[in-house]
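Paired with subunit B in one complex and with subunit C in the other, subunit A is shared by the two complexes that follow.
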Partner chain A sequence: MVDVIKKKAKEVQESLFSSVGSSVLTIGTSYLVLNFFRGMFGFVMSSDKDWLAVLNNMQLYMVQAYPESDFIRVWISVGLTFVFSGVSIGLWRSDDRSNISVMFDRFYKLGLGVLFFTIVAPTFTSYMGNDGYVITEEVFSRSSRIGMLIPVLLITVGFFLLKNRKINFSFNNSDAVFLYLSIPIALIWIIELPTIQLDQNKDRIIPDPLMPIANTTKVPWTVIFVLFLLSYFIGIYFKEVKRLKNIMSISWFLLPLLIFSWIFKKPQIEMAEVLTGDIPIFLIFFAVGLGTVLLINNPIVKKYYSIYIGVVIVATIAGVFISIPMLAKACLLLLGLFVTVVPAVSTSQQGKKSLIIIWAVALVTLTFLLRGGASETGIVVPGSSIFGGFSLTWLLAIFGTYVSFPLGVLLALGRNSKLPIVRIICTGIIELVRSVPYITWLFFASVTLAVFLPAGVEFNLIVRVLMVTAFFSGAYFAENIRGGLQSIPKGQYEAADAIGMSPFQKIGLIVLPQALRAVIPTLVSSAITAFKDSSLVTIIGLFDFLTIGKTVIDNQSVPVNFVGHQRENLIFVAVVYWIFTFTLSRRSMKIEKRLGLGER
Partner chain B sequence: MKNAMKYLLFFRNVVFLKWAFQVIFLFGILSIIWNYIQNAIVNLADTNIAFSWGWLGETPGVSVAEGMYTLPNSGLQMIQTGMINMFRITLTGILAATLLGTFLGIARLSSNYIVEKSSTGLLEVVRNVPLLVQIYFFQAFVLSFPRLEVFEVGEYFIHISAKGLAFPWFNRGPNAYLLMVYTLIVIYIANKIYKWRVELLEKEGRDTKPFLWSLGILGSLLVIGWYGGFRAAGVFGFLAGYISLGLESVPAIVYQGLVSGVAIYIGFKVTKAFIDSKKSEEAQGIYSDDDYFKIILNVVVVLLIVLLMFSSIGAGFAGFLVGDEITFKADWGLPQLFHGIENKLDWYPHIDLEIYEVIEGMKKAEITNWLIKPGDNITEGQVVATAYATGNKIDTQEVELKAEYTGKVESLIVEEGKAIKIGIPFYELEVTDAAPFVFSRPKVEKVNETSKFKRYAKGHGKSLSVGYFAIWLGVVLYTAIFISEVVRAGIMAVSKGQSEAGMSLGLRRGALLRLVVLPQAIRVMLPPMGNQYLNLAKNTSLGIAVAYPEIVAVGQTLYNQEGQTLPVFLIWMAFYSSVSLTISSIINYYNRKMKIVER
Partner chain C sequence: MSKKAIVSLLVLSMIAVACGGTDDAVEEVVEEVAMTTLEEVQARGFLKCGVSTGATGFTEVADDGSYSGFDVDYCYAVAAAVFGDYSKVEFKQLTAAERFTALSAGEIDVLIRNTTWTQSRDTELGNDFGPTTYYDGQQLMGRKSDGLSDSSTLADVDGLRVCTNAGTTTEKNITEGAGLVGATIELVTVEAFSEAIDKFIAGECDIVTTDGSGLVGRRAVNDALNDWAIFPASPISKEPLGPTYRSNDSQWADIVNWTVYATIIADEYGVTRANIDSFDYDAAPEMGRLFGKNDGELQTKMGLSADAYYNVVKQIGNYDEIFSRNLNPLGLYREGSYNDYWNNGGLVYAPPAR
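Then we have the complex of A and B:
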């Protein structure tokens, strides 16, 4: 035992006090860090902060003015996301197992952290009042410190002992996620937090009554958790089905579209439009696709196939400029993609069959989504848009990435192209877009873009922001992807040429898969930047997550006065952003490791 | 092969298809752009806001919160104020972020557990929270302090209130630029002497004490400078005066010709070098279609530049260079620049004294009686003129304008009986007696005797506005975190053998880092570092969120006033593009300079 302590002491001495400079650094940094934590604790606990400004406005934060009568749509969206995650976690469940002592170790470290806080937390805190005098108050009394210290100490010691006992029990790492998640779900039903109650005169009742945290949300969250768990088991059950994994990947791509166009939006559909517009367009395009697949092996068709592709591409470009239904434009674009892929895939009867099925499914999905997205929303809110708060931030982040990614690929290919004019134009676009800050482009979207649109065409500000974001993030994505393109050895291109691949096949099947794989980490960090940058829309007056925290709640005086509680809300906003970006960046590091990038 | 190509049908010819596609692509893009421009013309005609640059010359009816011209004479002056405010953040920010980032990067590699963990913690927090949220938080932090009015009048050491942050500072006097230039020259000389002594040491092998030598010379020259020797730097002002005189006699057409000439020369050189390279053994004088295109492109670009230079755009550009007074009333131009240098760096600097706010609410002053004439020697505090003070909220009354410095009156800019706004210069003074820098502590004062409002006194210490503080701290911290990652990666890229070799030579940790590791790491660090500087420059545009008047905020104020959104947007684009280009070319220059010379 003495040896162990000696060894530990030596380690500490070597790490912290190896030299005079190191000791000074250690003490100085510890002083700073300790004071930082004490200051934070005092800040959080001091009586001039009102954290109810955050708790009481959770609804505003999440969906802004979305009407309460339609909240079921929000819950369905959240639930669907969790069900999808559950199935995916189940499907891709790794076989990594950990000993139970790992979990105990985690709880032990958590206990140590809480213990540290309990010990260093300041008894008194002071802040400057409005009159310029410093007010000091007790925030953590001795009795509550001791009252906390003893149970925390007991729990920590308990976990320490458990951790060091060799228990022969291991669990799957994915299962642990559900165990950890079940803790907050259980806590919702147990822990009580204050909620603001008003008396007849609309005055706040002090002290605020204790209520289980958000009575309205505990049932939905529990249901969602149960569904999450069920879908996890479903995922595990179908783990071996390879096709399901592919379907799941595509579904993840479609899920946000579905949520934002059908579930969150509550489209109002006119049957006449569907019957006269959607169904005929669908049938025509399906017939064209079907014909293409069936006749591809006909020698005459084969001979003039490249002309056919050219006609389709020209029609697609022309379609952008003439006024035909949105659905027809989108279908033309899809057809353009389809006809370029057909010759490569339809070599066998089996391939033809699946091509037809894919074509039908894709068209149905497209029609379905566009009908939802293009219809009037049935949700009435004050203000210009039903999206607000976190739902708007999420919309901007996801759709910004959706639209900008393909654009980025195209720009990168253009910049890497052998055709000089194409290269010059793409380089010009990328450099011009990148050299100007994002906020300037946002102003462009909000005030200048309307000038360039044909008279009578007006887009919602959110749509205009999305258009500009597509170009902005697209240019950044393009630079990342260009890095990937340059990392591909020339031999790959030559090999593709040698086996007689067409340029489209070469890029789609050989170049892009390798290039994108090489730059996944940078792409993720670009996506994270895009997510963080979405907060800039605050400046042009959209009601995103940050605006709610910064402006809306700070100006709220009815029914409860929250004026002057901006810092609490900003900290909350920062924490939420932090959780998302931190998780994303950690995931990307894991992916990087799994792909073995950067290692040879 | 070549013959075979001849008999190919043209639509089967790869070269033809390639160029046909590109021409179609180009025309497609051009037609889209043309389409949008047409839309813009129609839409602007509908809204009765014709696209124009005239507003740049008109006096905007708004003021700027802080900066060079708080009451700008013209739109261009206002934009100039925004640009300079942007540079204030960018330049100091780059310096601070580099220092802090290097420190944090080294801290992250430290073997000290606490130092390493806390710097990593800081990194994870700052990196994962949007910059805007951080900036808002800093702003809210300062704004949560009490208003300035609750504090007693008097001097403080460090003061923070809802009005901003104030701390002791060496404030620049009229002679400050002389002393700064002098100091730079002295540092240059000391550096040269250090190098010379080191060379001597290497040649002769005896201890030549390079450090002591350079330090001694630096110290003694600085002491001489402080006691009046700094006026030696006035030689630059003297030279600048003649340069400005010379430049003023150059007509605008010379600049237009000069730029076209340079374009033609460079175009010719590049094309010739290209053609020569084709004549080499490997190329065998065969030109591909791409090579022809390259040559044609060079010619077209040069022709375009020449055409542009002799169009109205080129004339406007040259007008800027020669400093035409017609162009938007701003003092922009090379002669003006050198004239400014002459004023600041003359043996005795010349300054323009501006009308200041004698009583609260005063907006304009009408000089009633000059008490001085050119050539007079005046002392600080002497009454130079009497004037009627006018303003919206005050009664017209007579006030006395006092001299701010001791010196010799050069000229009177404003005639008697003419009303001018606050902030406009009214006489020119050759300052004979003033300290280069004045150390002072911040002071809270009443706006005037009867007012209940207070402010930080001008010239006492340094006070930062809330916006400046928030945006500066925000971008510096955010960029420093990314720079620390760059520094860490750079240091880790230096192979371990290098530091082991250094250690085996007996170098200490500090010397090892300074002499062996960092010089090699800098090569890896430079390109990503340049990216971070670019990001910093672009992120300063968030100043608009905290009401800091940098160029985007100023531009927004202007287009709200004038309705000219498109020109403002073009100015933003031109400004940021040139800033980006400048920063990246500086970085590229250093990158080339730092490159290992390979055999």
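Then we have the complex of A and C:
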């Protein structure tokens, strides 16, 4: 025991007090941090703060005006995401096991932290009253401090003893996620929160009565947790099926599209349009694709195949500008991609068969999603968009990354191209987009873009924002990826050429996997930036998560008066952003570790 | 496959990605064949009304996402006049910077966003202003403990720190006003008024200034009636707030204007939501004409249904009801203010309906 303490003391001395300079730094910084914490604690606890301004507006924060009668759609969206996560965690379950003492150590450290902050927390806090005099009030009395210290101390000591006992029990790291998540799920059934109640005169009852969390919140979360767990077991059961992993990867790409075009949106489908529009277009394109695959080995077809590709490409470009159904435009694009890969894959009978299946599935998915996306929504909200609050932040973050990432890859490849025109265009786009601030682009989307579009075409503001966001973060992605591309030795390209790979195979199988792997940290930080930057849409009047906290609640005087409670809401918003970005960066660290980045 | 094909494909995909985002959002194409605003609104089936991103009492969003407020009620009123159903409104929240661009770009049909009627906005921006619905004026608020009272003047702020939001007429007015009386002030500018008041509460500035309605509202909700003083008694600027619409569409202008006038005339005659059906219209032929009780050709000539303004008052209420519902809880009352009825010394006045 003495040795341990000596060792620790030496560690502390070495890392914090190794010289006069570092001692001064250590003491100075700890003084600042401690005071910051004490000020923060006093701020949070002082009686002029109304944290119910946050709690009471949770619905507004999450979905803004989404009607309560359709909340089941929101829950299904959240639930589906959790089910997919469960299956994925199961499928990619790591075999790393940790000893139980690691978990005890984690709780022990947490306990130490709580203990420390309980001791240093201030007893009094002061704020300026309406009359201009400073009011000092007790926020953490001696009795409540002792009442908190004793149990925390006992728990911490308990975990300390447990962690030092060599218990021969280990658990899978993936399983631990569920164990940790079960704690909040259990808590929502137990804890009671202050809730706003109005009396007959519509005045707020003070103090706010404690109420258990409503069933409309805790039942869905519990169901989702159970489904999450079940899907995890399903994932583990099918762990060995390799094809399922591929399907899962594609599903992750399609899931947000499905959520936003069908589940969240509640499209009003007109059967007549489906029968006269979608189905014929689907059949025509399926037939064309089928014919391409079947006739590819015919010598005449082979001879004129490049002309065929050219025709499809011209038709796609033309399709963008002429007024044909959206579905036809998208199908033309898909056909363009399809016909370029057909010659490489359809060398065997097996390859042809899977090509036909892929073509059918891709077309069906596209038709299905586009029908949902293009139809009128059945959700009635007073504002101009069914997205608001966190759902809007999420939409901007996901689609911002979705669209901008492939665009970034294309721009990066284009910038590295040997063809001067392509290089100039790509460089031009990247430099133009990067040299203008994001806020300027947002104003461009909000007030100028409408003027540039052809007469009669009108895009929703959110779509315009998505368009500029795609280009903006696409340009940044492109520069990051270009860095990765430059790290690939020339020998790799030459080796690929030597074994007779087509340019597509070279890029897709040799260059991109290595280049992307090299830049994962910067890609993740770009994605985090995109997520956080989505809050800038507040300046063009879109109601994202931050705007709700900053502007909307601060002006709410009915049904409950929350005017002037902006700071509580801003702290809440900051904490939520922190939780998401922190999780994201931890995940990416795990991925880097798994890919052996920086080690090989 | 040739390199050229690959390259063209890349370019193409870029175009496609750019257009890919458009998948689910091409709104129904609005035919721009010289439709009047009324025709456009009627064809669309709902009114697009520009409101504030948040102004206590004027535009508020409740915890379930529903809208309320003085400006919001006038949006509802216009929808009730056009469609006979007040709920046919789509609200578009606009920041101060975008409001006029949004209006001129046709993204909204009418802007009711506590917008001050000024000469330059009226003449240069291609807008026209409707009748003023709320007469406001800039005032200052300070602590009584600093020796300020409701009868203080601008000269008393000499040497004090004044918080206000930047880039508005408010900032210009206070600098101009203080300069005229020879008071030196330290101007602290922030982005939004809520920040200014937060700084004031935290003691980072001694005075906060904006439109009087905002100050009275904040003083009431902060429970500081006895601690904070609002002065000078006669505001340092004129801020008439009212609806705004695009110029050169007098039919639409008339519809919006007379919606406001209808609420004022109904108030004059004491017609409320409650007594509108039991009111004796024979004794007040003007009300009868306005509500289409006789022939209603005044309304049908405007392109509306005969009972358009009956629907407004039936569904939203008269001026006094709209005012008291939204602004009385904030401590803003009509009595003695410019917003009182013209017979009582206020400025709220409507031309006769005949």
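Convention: the second predicted complex is superposed on the first by the 563 of 600 C-alpha atoms of A that agree within 3 Å, B and C clash if a C-alpha of one lies under 4 Å from a C-alpha of the other, contacts with A are read in each partner's own complex, and residues count from 1 in each chain.
In this text, a residue touches a chain if its C-beta (ideal position, glycine included) is under 8 Å from a C-beta of that chain, and two chains touch if they have at least 3 such contacts.
Since the structure is predicted, the reported quantities are computational estimates derived from the model, not experimental observations.
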Fill in: Three-chain arrangement built on subunit A, subunit B and subunit C clash or fit
clash
Worksheet item: Can A:502 be said to touch subunit B (first), subunit C (second), both, or neither?
Response: second
Discussion item. Quick check on the superposed pair: does A:419 touch subunit B, subunit C, both, or neither? Answer first, second, both or neither.
Written reply: both
Worksheet entry | Which of subunit B and subunit C A:276 touches, first, second, both or neither | neither
Worksheet item: Which of the two, subunit B or subunit C, is in touch with more residues of subunit A?
Response: C
Worksheet item: So, A:136: does it touch subunit B (first), subunit C (second), both, or neither?
Response: neither
Worksheet item: Touching A:573, do we find subunit B (first), subunit C (second), both, or neither?
Response: first
Worksheet entry | Which of subunit B and subunit C A:128 touches, first, second, both or neither | both
Worksheet item: Once the shared chain is lined up, is A:330 touching subunit B (first), subunit C (second), both, or neither of them?
Response: second
Practice prompt. Applying the touch criterion given at the start, work out whether A:462 contacts subunit B, subunit C, both or neither, answering first, second, both or neither.
Written response: second
Worksheet item: Who does A:447 touch here: subunit B (first), subunit C (second), both, or neither?
Response: both
Response to the item:
Going through subunit A, the residues touched by subunit B and also by subunit C turn out to be 128-132, 317, 419, 422, 425, 443, 447, 450-451, 455, 539, 566-567
Worksheet item: For the complex, which residues does subunit C have touching subunit A?
Response: 1-3, 5-27, 29-32, 48, 53-57, 59-68, 89-95, 97-98, 101-102, 105, 107, 143-146, 192, 194-195, 197-198, 201-203, 217-218, 221-224, 226-228, 329-330
Discussion item. Taking the touch rule as given, give the residues of subunit B at its contact with subunit A in the complex, in rising order.
Written reply: 18, 21-23, 25-26, 28-29, 35-37, 39-40, 42-44, 46, 110-115, 118, 124-125, 127-134, 136-137, 140-141, 143-147, 150-151, 290, 293-294, 297, 538-539, 541-542, 544-545, 552, 556, 559, 565-566, 569, 572-573, 576-577, 580-581
Worksheet entry | Residues of subunit A defined as touching subunit C within the complex | 56-57, 59-60, 63-66, 68, 127-133, 260-261, 265, 306, 309-310, 313, 316-317, 320, 326, 329-330, 333, 336-337, 340, 343, 370, 372-374, 381-384, 388, 399, 403, 406-407, 410-411, 413-414, 417, 419, 422, 425, 443, 446-447, 450-451, 455-460, 462-463, 466-467, 470-471, 502-504, 539-541, 543, 547, 551-552, 554-561, 563-564, 566-567
Practice prompt. Provide the residue numbers of subunit A that touch subunit B in the complex, in ascending order.
Written response: 15-16, 18, 22, 25-26, 29-30, 32-33, 128-132, 317, 321, 418-422, 425, 432, 434-440, 443-444, 447-448, 450-455, 532-533, 535-536, 538-539, 546, 550, 566-567, 570-571, 573-574, 577-578, 581-582, 585
